[in-house]
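Next up: some structures, all given as structure tokens.
Shared chain: chain A. Partners: chain B in the first complex, chain C in the second.
Presenting the complex of A and B:
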């Protein structure tokens, strides 16, 4: 098989992804796994896997991105996830706008120009509230499986406001709400609202230039998209593979290296 | 102070100490000449004159070690008027500057923990925690700090100093002079200036009493004149960075600024900066820049990150990026025109009240914009300093307006000027990398 001409690997804090693109830059292959503690071993395994698909990696450039990009020794070069995400979504949508990426352990908002360039960005990697971890933590308290959280939250109209912005304190607030017999779905809706409100504050820092685009693992949760639309009054567009935007962008940079050795643009 | 004390002082400071410091300076100069003392493939070696700056700062703290034998000692805040204290022959110590020395020497965590263990919150400015930590434990890289006879705090930089100096006054049981400077939102009013001047007039007899002598007006004018000369020279030095390639980066400026802060009215400070200017002019004439292939020039806002200066300089330098100017180093030069040696008190009131941190956030934005134009800068790094709230407040809006109204890329970098526990290398590197990519380098 293959047709893979260039590779991008996104070593994130919760997941590791690798994407292969063809001569046109179209995503033609990928793997996505939960991040393991020994990232180097996992990356090596990913590359072994890739070798089985493409034969040799000799003439296939690899660009690494994500927090662990520095650990990918095999990479031709590394590019930050900000630039790679912008590249990936621009390729997918063909227009600029405001990209919101809510990952497992961090979140970022990137302003993208009509030509696909990064205009501005803000990141939150200091506080778990405002990231997927906020929901994960409380989901375990509520004994709701992660992939059901969004649907549960959307199943009710009543919403309990969660006043704590801190993940740890929100957890104790949730415990006390359960003890008071508040329905789980209403608590969940409140939790989603709280996460989105934090995200919107970040978006406002960069300023919304429509359309609003959403990527990252949390996108798989339908409540995120719905509440974000509610809070911003903007239509939110989703890429086909929300978790692969960074790796796809990295692969596109790798393709540029293959084609003409051009710089990050 | 007895004759024996005076002799001991001169023996230790002016004979032994001076000789040792001079010897160290010669060694450093020799290393600089042979080029063997500098290990960076990215950055140009520091100015040769740095050896002299180091000697002067060393001598200042050495004098402090023996000050009890010779001088009355005043501890002052960085924005305080020191000219009248110098005219009364006080040895002047800046705890903030001592804090910076601790920061650069990377001993802050150890020292500040002493204050934290005594109950001071980690939300308090790390300069204050460093100082209070030294107070409690005696730990300092400069030998020892002289006990103050007088404290002088000025609110033109922040409100932290107000409480910090009260603690000092309580601890040392010495008088505290407090100069309150009304905040300037847009324009300074005459009555605000009069208010500050009157406080200075009231402060002088207090200081005279502690000093045991009267203020000599001629001496005050002379010291104010030297202050002004040093301030002009400092400003001129900074303005040399309008040249491309930048002859000295902001990191050099940070290390060279100690004398303009703590030895402002001294003749030797004027000599030092005159010589420094000459060396910088030579660099310009020879086309020497801080980084070999200068591609982008940036502005820095807020205090330095004392414990990571080399790291940041090299990180950016690797990409041909140099931080050319900063609102912080500029703050020590921008008020030169307001100093009038013929009217020392009027001039002190004016400079006190116009300090950068005593002016509205819009004013800082205007300063940044002017600097971006004048220094031909491509972007701004705003260090959001967890410690220094008055400097950091408004930065989100300033960043926003720089981008939107001025089209200048700007990055907010969260850290702390002195406490490395608030610095995450991974996160800083990630933001800087993304910013560098955004700048198209």
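Presenting the complex of A and C:
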């Protein structure tokens, strides 16, 4: 595909994404894969693949972001995931607001100005309880496929409060609830509520500036969006590619480098 | 300038002082009367943890939500780290330190005296009177421990020496961004005040101040607030990210730039010095004062934003933070909070937060 003018790669802890943009900054190509233990090899493979698509990478700048951004030696520059997510989301919506990104192993809330600049942010990356991993772990205990969890949770009104603040303890609590015959869907709804309450605490730290925008892999789960709206009383808007916002933002920075004519090998 | 290589090592300083017939006090954070101790020939050596010790010893007596400085201090003591000292001074800076004082007095008493210092919370006349009396009680304890009874003239001499050291400390802070020192070298020098005798510190500091002032360093200027810059490699990481610390509101540094006292009464003068030091949540100074102080530092130093680098579970700091950050935001000063455990190495998460914050500042330049 000859339209690719700049690339952004987001090396997250759960997935790795690469996005190509055209001269206008429009996302025109991407790959998304589960993260592999040897990030460098995976990145090299991504770039080989990209080379096959565009012919040569010689004049195509690459900006790296995400947890493993420092491992992308081929990058022209690295930018944090906070700045890249804000950039990607602003490009998609064209307005500011509060971005909530719930990833597999971390979550972040970013306040974005009407001009698309980061105003403030907060990250949770120390505890799995506020991340997608919280749902993943307990889903496997409940033997519910990950992509069915949200629908299952929304299929009931009754929910069981989950009191444990820790993912590991929540798992034990879930086992005990099942043993007491509590319906799985009610447990699932309680688990989602627990994750959302933690997220809302982060949102309040930054301060809600509407609209709420949601990104990250967990967004594919419909219960997350619904419960977040319930808890905050705010409408939540979703980007078209919720998992690619960081990589898209990185690609937009790469495009700026290209347009500035600086440092492109 | 290789200032780090000429700073005497803590253990060497302690041994030398003892060889010359002096006593050594282990002093916990944050405020205490240095001059009073030195008048009794007691060298104060501060204990901010220390970082990276096996905390399993202290964990037996302390709850997990107590900060790592207190956890480490108790563990370090139980592992024999304070054996070399003759007395332990515990200022009641916070509930956690007060709790540690109780643990040491009632449950795991060490084989040396424990001297608590009760600090008043405010700047009223009654606070000065209270602290003066408190210092008199400490005078009596030190008299019993050392068998000495320094006169008012001895106390004044000791005060003048400490005031001299604090004067050069203030000069160092004021000239920070023009000194030929990296941030890490600067803070190694500043923090040597935690254990060097005032006269040795003055010599070192004056040698640095006498060097040609270079043109101001390059980088995004930031103000560092919080308790203690540990691990110190944080400062190198900040430089590598293209920023520089131009001012600080750290409990171990900038909050201890004590002004000279006014009174002719030595104990009262020592009290005045602490009471009128820059605002500090552990001395109960209101957020309004802290806000004004930070804004003044920002204006004088040209800092573009504030990094609050706090120790996890530090109540006095963390209680103030939401309001303080909100106040700064109203004054259009961006800030970020990072919480650390002083045992942890500098983490990727910590660096990402700081780097993202610097990206915000860079955008605004």
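Of note:
Following the convention adopted for this analysis, the second predicted complex is superposed on the first by the 260 of 265 C-alpha atoms of A that agree within 3 Å, B and C clash if a C-alpha of one lies under 4 Å from a C-alpha of the other, contacts with A are read in each partner's own complex, and residues count from 1 in each chain.
Basically, a contact is a pair of C-beta atoms (placed from the backbone, for glycine too) under 8 Å apart; a residue touches a chain by one contact, two chains touch by 3 or more.
Keep in mind it's a predicted model, so treat the numbers as computed, not measured.
Once both complexes are superposed on chain A, the partners chain B and chain C clash.
More residues of chain A lie in touch with B than with the remaining chain of the pair chain B and chain C. Contacts of A:226 after superposition on the shared chain: neither chain B nor chain C is touched. Judged by the touch definition given at the top, the superposed model places A:26 against neither chain B nor chain C.
Contacts of A:80 after superposition on the shared chain: both chain B and chain C are touched.
In the superposition on chain A, the residues of chain A contacting both chain B and chain C are 67, 79-83, 117-121, 123, 125-126, 205. Interface of chain C with chain A (complex): residues 322, 329, 334, 336, 348-349, 352-353, 355-356, 359-360, 363-364.
Contacts from chain A toward chain B in the complex involve residues 67, 79-83, 117-123, 125-126, 205, 207, 264-265. Across the complex, chain A is touched by residues 396, 400, 403-404, 409, 412, 414, 424, 426-427, 430-431, 433-434, 437-438, 440 of chain B. Those residues of chain A lying in contact with chain C across their complex are 67, 79-83, 117-121, 123, 125-126, 205.
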